[in-house]
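Pasting the structures in now, so scroll down.
Shared chain: chain A. Partners: chain B in the first complex, chain C in the second.
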Partner chain A sequence: MNEKSNLPAPRKFLSWFNPVGRQTGGWAFILNRITALGLTLFLYIHLLVLGKLAQGPNAYDSFVRLTHQPLFIFGELLVVAAAFLHGLNGVRIVLTTFGISVPYQKQFFYALMTLAIIAIVIFGYHMFTS
Partner chain B sequence: MNTASAPKSGENVWIWLLKILTGPLLFVLLGIHLIVNHLVGKEGVLRYAEVISYYNNPVIPLMEIIFLATVVTHSLTGLRSIILDLKPSRSILQILDLLFLLAGISAFLYGTRLIMIIAAVQ
Partner chain C sequence: MSDNKWNITLKIHRQKEDQPPYFQEFHLEVDPDEYVLDAVERVWAFMDRTLCFRHACHHSTCGACGMRVNNVEKLTCITPIRAVTQDGGVIKVEPLRNFPVVSDLVVDMSNLYARMEMVGAKAVLPVTQAEIERPPATWPADAEQYLRLTDCIECGLCISACPSAATSPSYLGPAVLAAAQTVGLTAETLPIIDSEDGLWRCHSAFECTAVCPSAVDPARRIMNLRQQVVRQRLSSLLKKS
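Here is the complex of A and B:
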């Protein structure tokens, strides 16, 4: 990426949502970024909610009853999906950062994302049928 | 080096290194966290009583604290590099860095304290 200037560029934020002219690498980058933000949001909510454990059995167990709702399970599936997509994308990033598999980067990305989708489907199936 | 993920202007090499090392480390730690929490048995961590007895084993709080430190570090260094793409000015960045540091330390202290509380319940 060519850095033309170092001036503050807050409007560049909007260009993250611009799909025009994007190639696979750009989509991979956006996917990683969106899953990162989603997982970060989840992390801090998770930490806060776990505070209920310190309030004793009633607070915690009644919250757990909430988590059996389908909408909640769907939310958890989104987290699982984000984790697989972000993690496997990360594998690609770490390897290519150190020069490994760079010529095959695109195929590698597709292969990893396919793996992620398979994992998500398997998890989704188990989460909704038990 | 892949320029999209190399350290960018304003990203100290050590911070970048932290981000890219905690990532793979999380593969292991998150895996352990999820598998162990699942193996506690049917309804395991979904019941207060199970969580308490599970945390009585000292290895568990230790593992969770290490996992917490790693995931908070990865999350905040990642957030920081997203913000860096907006090319904030030097003074804004200094303020943001302070906020990141405070957020990280508070999250870690809060989580560790919570872990200690749970581990102390008999």
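Here is the complex of A and C:
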């Protein structure tokens, strides 16, 4: 019987990111995974950049000058966005996990994401104008 | 029913024996107020008698006709055609995910039934234990003897929709955990529920509750089980200290 494609399997983790047919809770689930991966990737990049310090002050300073480019600022804004989206969604998951506002998890998600977007816009404004 | 007729295309998942799965299209004239199951039945009755699908009651009691309709888990007997397509549109019908496909739209749900039995799921409960919208202020003295069917119809939609169930074959799944919450934790079921493949495998996607056709609200019950388990762990810790 050709049944394997329909069966659960660890290798099917890519299905976590498929938004087709998903509803609010599923979108929140996908968003949390994407932002978690992004933040983990940033952590490694951050450690690599700090490694520049071992090459002396000149190497580090020249890299820091590079980070003033708009593309780098945009990258930093993505990190800020991931932190807000992941953090606030995490608060929702912790609270609902212990029975708080479970029937209102959708509204809770929309409210927290609105808050996250406002915070991202404020941060973005300051990062690009200061 | 309306006099208005729609021409729709039913794109049905076909899969037999060792052959690779594919989609077969059937063009039908339907009443938009009919249900998706009616259209699938019509394909079987008038177009292709080899089409395999499950159904029985036609009124959302048996839980047999669960399928994926346009990528979303639905009980096809209560899903109006009007709600999932338009005149000239397509309805994609697939078997539930996370169960072995037996043939076409039929999946093997024996694993679900075995797990339901493992946690002591009951088909009926005393009416006094039922979660009903407007329970009486006081039950009559003899109310305990009256039984009511539990809300879960074991249709498997929640397991099909759950992203955690897609990657963890040994995960009990929302229906089983909801059943455990309904009957209550016991010394026998606690180690099964409070485990890696039990209620801690749930990652709060709430898809189970979104697709449940029977107001079981598995996600809420899983969260409630977590509260119960944490409370039990804390009280046993306090007793030890």
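By definition in this document, the second predicted complex is superposed on the first by the 118 of 130 C-alpha atoms of A that agree within 3 Å, B and C clash if a C-alpha of one lies under 4 Å from a C-alpha of the other, contacts with A are read in each partner's own complex, and residues count from 1 in each chain.
The rule is short, and it goes like this: contacts are C-beta pairs under 8 Å (C-beta built on N, C-alpha and C of every residue); 3 or more make two chains touch, one makes a residue touch a chain.
Bear in mind that the values here come from a model prediction, so they are computed numbers and not experimental data.
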| task | Have a look at where A:20 lands relative to chain B and chain C in the superposition and call it first, second, both or neither. | result | second
**OP:** Kindly classify A:39 by the partners it touches after superposition: chain B alone (first), chain C alone (second), both, or neither?
**Re:** first
Exercise for the section: Check whether A:90 is in contact with chain B, with chain C, with both or with neither, and answer first, second, both or neither. Expected result: first
Partner touching more residues of chain A, chain B vs chain C, is chain B
Between chain B (first) and chain C (second), which does A:129 come into contact with in this model arrangement: first, second, both, or neither?
-> neither
Is A:29 touching anything from chain B or chain C once the two structures are fitted on A? First, second, both or neither. both
| message | Under the stated touch criterion, which partner chain does A:99 make contact with: chain B (first), chain C (second), both, or neither? | response | both
Shared chain A footprint, chain B vs chain C, residue numbers 1, 3, 6-10, 12-13, 25, 29, 93, 96-99, 102
Interface with chain A, chain B side, in the complex: residues 1-6, 9, 20, 23-24, 26-27, 30, 46-49, 51, 71-72, 75, 78-79, 82, 85-89, 92, 107, 110-111, 114, 117-118
Given the complex, residues on chain A that touch chain B span 1, 3, 6-10, 12-13, 25, 29, 33, 36-37, 39-40, 43-44, 47, 50-51, 53-54, 56-57, 60-61, 64, 67, 83, 87, 90-91, 93-94, 96-99, 102
Note: in the complex, chain A contacts chain C through residues 1-3, 5-10, 12-13, 15-16, 20-26, 28-29, 93, 96-99, 102-103, 105-106
Residue positions on chain C within touch of chain A in the complex are 15, 17-21, 68, 70-73, 95, 97-102, 107-108, 161, 163, 165-169, 171, 203-207, 209-211, 219-220, 223-224, 226-227, 230
